[in-house]
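We just call them A, B, C and D in the order they show up, numbering each chain from 1.
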Amino acid sequence: MQEVTEQKKEYVPTIVAFCCNWCSYAGADLAGSSRLTYPANVKIIRVPCSCRVNPMFVLKAFQRGADGVILCGCHPGDCHYVTGNYYTRRRMSLLFSFLNYMGIEKERTRVEWVSAAEGAKFSAVMNDFAKKINELGENKRLQDLRVKEERDE
Amino acid sequence: MNKVEELIVKRARELLSSKEVDKVIGWKKGEFYFDPSPAVFTSEEELKDFVYNGFCGANLSKYLVQELKKGGKIAVFLKPCDTYSFNELVKEHRVDKNAVKVIAIECQGKLDIEKIKEKGVSAVTETEENGEEVIVSSLYGSAKFRKEEVLLEKCLTCKSKKFAVADETIVVNEMKETANDRFSGVEELERMSEEERFAFWKGELSKCIRCNACRNVCPACTCVKCVFDNNASGMATKAPADTFEEQMFHIIRAYHVAGRCTDCGECSRVCPQHIPLHLLNRKFIKDINRLYGDFQAGEADEGKNPLIEYTEKDADPTAAVNGEVRHA
Amino acid sequence: MTKQNQIENITRLSGTDPKKCMKCGKCSGRCPAYKDMDIKPHQFVMYLEKGKIEKLLASKAIWNCLSCMECVERCPRGVAPAGVVEAVRDTVKRAIGGNGIKAEDIPPIVDEFIPQQLLVSAYRKYNK
Amino acid sequence: MQRIGVFICWCGSNIAATVDVERVSEAIKSEPGVVFSANYQYMCSENGQQLLRNAIKEYHLTGVVVGSCSPRMHEATFRKAAEAEGLNPYMVEIANIREHCSWIHKDREEATEKAIILVRTAIAKVKLNAPLTAGESPVTKRALVIGGGIAGIQAALDIAEAGFEVDIVEKNPTIGGRMAQLDKTFPTLDCAACILTPKMVDCAQSDKIDILTYSEVEDVKGFVGNFKVKIRRKARFVDETKCTGCKICMDNCPSKKGLNEFNMNLNNRPAIYIPFAQAIPNVAVIDPEQCLKLKSGKCGLCQKKCGVGAIDYTMTDKIIEREYGAIVVATGFRPINIDKFNEYGYSENKDVITSLELERLMNAAGPTNGVLLRPSDNTHPKVITFIQCVGSRDLTDCGKPYCSKICCMYTAKHAMLIREKYPDTEVHVFYIDVRCPGKNYDEFYRRACEQYGVDYIKGMVGKVYNQNGKLMVQGSNLIENEQVTIPSDLVVLATAIEPEPSVRKIATLLTASIDTNNFLTEAHPKLKPVESPTAGVYLAGVCQGPKDIPETVSQASACAAKVIGLLVKDSLKTNPCVAQSDESMCNGCSQCANVCAYGAITYIDKEFRLGGGKTETRRVAYVNPAVCQGCGACTVTCPSGAMDLKGFASKQIMSEVEEICRK
């Protein structure tokens, strides 16, 4: 674990990106092989389909101190599993709207459709999202403070 | 004894004596007039304690889940809003409708003893509904209130006086639909800024003591094992340690019942800390109506809820959250 | 008004998206006033799509169109050529500020058998 | 105790140039559970794999993390290497430190830090991995083909050729389908019957093919390799085994006013009939709606006349049940109903006909014995006008939004055949576009114009009306910018085609998805064009999308190849990363089955011990691992969390989240 230095470093937000295996993860791979950069604080978790992402994963991320959570899936109609992302779309629409209702900034959550051919889009989306999260700064509203304490010890 | 109660008890007696049913689920006299509680009656003698008065707000549908496991045919008395919960339980195979006789009963809105106490009336001995007025008798005399002053929160914004299911009905007086908009509370919050909303919920939810009353009373919460009790879920928690966990618990609970919640209002009614939990569920209901078209859970005992449905033209989450879209 | 504004204005007034036209010509195949029109129904849509506003504004056909809506009815792609004609007509009328037919001037014999849309377009079309 | 080995790949300089691989493997060494950490130039090379295998052996590794390129590249490679050393392949996880790290970050410090986090995340996951074994399910070596048109016939013949048994279920009394109704076929103009009927005969003669005509699929249970299908054999009232097809019954039937469906209702047939001369099976059938004996009990002539005693008026529908390993859907198409297109006056004018009706009017076995006579007065039409795109590419309520694909070519064919047979006939064709991609297709169309002098008019028809016995066709000529009116004797409408409506029921039975136009959806539009998303179900012909005969035959043969590939296996290996329901927590609420696109989830009543000698019977979900594709949609729908996905379990993903957020 890193030690807290006396000098206050600029805050680097943590961003969790869930990517479906068939489109968005491949899109991220294409962004890589095309050398299209995006900030290093974006970390990708591979899931078979965007519909595998349980709202609890999103909440868990925030609990553990993530500052932004983004889900990427195949474009609607192109889902490898035919209908998976249609369910994702409804679930996350309702969840994100609800989180905003609880007072969580709506820019902290996002769903984007990125195909396996859209390396450029993947990179653009991540740059944009990271920029927004940077502007928002640290997520203080939906964070388990004990996790922070553990970390600061 | 009021007329409706008379008819209900008479019917319960008939059903038990004719052995048409083995059990009746209703309300039983409590220590006081104002604290009747749900109860199972298996014999005619037991029916002497049966009550149906202004304080029978409890939704009996959920009790069927456990009682049916013991076998036999059951008659249950359901108020209009309770019938929706019943249908939802049938839809999810929690209740076998063939083993149940649903007797739909009149409801003019149920009373909130806390509100009456706040008005300075204690030791209530009887209440009488008289149109838009309620006469409350107590050991110390009687008082008259306008109905909306003393109704339960859930009854102030009653969603419908229609019975979603009924094998038979016991209705003496006409039931009037409530004019109140049940989404006005949600809208009020939506108008606030994100900071204000967060402050509001932080204030409300930090009152939570995780007594699980909301979960235990909720007819949609009938899981054999709740995620919060399941170690494999990664979400298992017992008591709340801080505001985060209260938020987490209530967010997930509201999400899990989204599309299945009939808005029966039991969660708010039973919350000992008076947290307006219905405002959480109604946000989901309101968003579902806005994005996917009007949907009332429990209107029918089959079909899909909006979260296990989709159309190709559904809104994208960003547009949905920004409120830019509306169901055509 | 710039030309781009005019294009946008006419497109908006017409309530139709000219890009949806697949150029089958069914509108002109059906049009009962075809012979009298210097610009044909399908050309109205095409000129709007290509932004040839001058041609549209100079057309005489806007005064020959019967507003029978057959072209709208028959279009397989949901385009409304008559809507474009109407939009051009409106634009021209507004520019010259002419006064159209008044309701009182309609002879009483023309009663409920006449389509309302025809009456409306007649009010706009004819100078007294 | 977990013993995890971590291998960081340099990928030459692809990773090593930006990520300090040495520092990564050093940093990882101190992670709990890690007993081995190394880096190597090319992990995917023979030597790299050997390094991995040696470490598994030497350090008794229980889990492996490779920090390398995308798992989409080499996950399979490393899993295979691990398996060769006796480690369960699903105990290997990949940290993608190339595509997701070294290639996109320039700052070495930043990239190294990120690589460490990514590797740690993979370690967190692998710690919760469980060894997974691909299941096996046996394969019933028999195929079912639904639909006996050219698609079904071709698929069945190919499958039978490979030595597998195959049943064709056809709802009509004969196989042959739409192709049997056609006169000639484009672009070669050989007669449809001449090329189709030999194939029909082959089917009948094959000892591997069982033809079940006048039958419909009633119910489908099971999954890939193990379908159980109920087939309704409709009462034919004629014993198929006895009837010789002599047609004496037809000649003697007094009820002759039935509409002849095979001839597009252009003439009549008796109540007992054989649809056409080359029908397979060549066996009569009684139309119960029309038969006097069945309706009123009075007649029985056919039974008296039948020399072999094949007629049985007491016959009833029978349900048979059979098992199959694979199913081919080839339900075909029909022309759409064009009554609502009043601009073309189809319902008012007998001489406005559809192209399929024209096929019958030109067919030697048709109602006019192949002489082109117009229906109203049986005279030779002198001016014939064709209208293309009737109902195709049409967004109104009456039409279909798609291009029906075959109309341009068959219209050119009709125009050409008419000009060839009746050179004094004038032929006009109204078109929006002429779409003739395909080998020798455009040449064919050009021949109609250049060699046969067919008048193609670019424009659409707005109105067809009858004026003194002439059909006035009013339309646009867009090239000349004119409105033209052509007085015609016969108007032929190139009517759009739509999937045979019975496909809806079949799609539901098979849990095969269907699009808004009722076409069956393929598993992938480019790479799996003949597979349905439901494993073991394949699509041939127009049920999947508009197509012509050569394409249909190709697709049918492709289906057959897929079916044969499936049936040669004795058992199927299943993807082990599938959903599984924890019965002790399942509520049986059915929400999961509702979102499953594959119909993999069923419910069973299961008895649970409650202790104290008590038991409880509960409805619980059961996921069929042979059918589940592992998307995870059900896991999120499940409120209690009873449903989880192997290989991507909730706990695993949560631990990845935690690791990423660990700062």
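Here is the rule we go by: a residue touches a chain if its C-beta (ideal position, glycine included) is under 8 Å from a C-beta of that chain, and two chains touch if they have at least 3 such contacts.
All values reported here derive from a predicted model rather than from experimental measurement.
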### Query
By mean C-alpha coordinates, which chain is most distant from chain C?
B
### Message
Using Cα averages as centroids, what's the distance between chain B and chain C in whole Å?
### Response
58
### Task
Averaging only over C-alpha atoms, locate the centres of chain B and chain D and give their separation in whole Å.
47
### Where chain A and chain C are represented by their mean Cα positions, the distance between them in whole Å
51
### Summary
Two or more other chains are touched by the chain D residues 595, 637, 650, 654
### Query
So which bits of chain A are touching at least two other chains?
55-56, 60, 83, 87, 91
### Task
Any two chains that touch count here, so list every such pair.
A-B, A-D, B-D, C-D
#### Entry: Residues of chain B that touch chain A when the two form their complex
186, 189-190, 194-202, 227, 233-235, 241-242, 244-245, 247-248, 251-252, 254-255, 258, 280, 283-284, 287-288, 291-292, 306-312, 314-318, 320-322
### Summary
Within their complex, chain D touches chain B through residues 516, 582, 584-591, 594-595, 603, 616, 618-619, 637, 639-642, 644, 649-651, 654-655
## Note on the structure
In the complex, the residues of chain A that touch chain D are 1-2, 14, 16, 21, 25-26, 28-29, 31-33, 35-38, 40, 43-49, 51-57, 60-61, 64-66, 80-84, 87, 91, 123, 147, 151
### Partner chain B, residues of chain A touching it in the complex
55-56, 59-60, 63, 76-77, 83, 86-87, 89-106, 109-111, 113, 141-146
### Summary
In the complex, the residues of chain D that touch chain A are 70-72, 96, 98-101, 103-107, 110-111, 113-114, 117-118, 121, 513, 521, 524, 533, 577, 595, 597, 629-633, 635-637, 645, 648, 650, 653-654, 656-658, 660-663
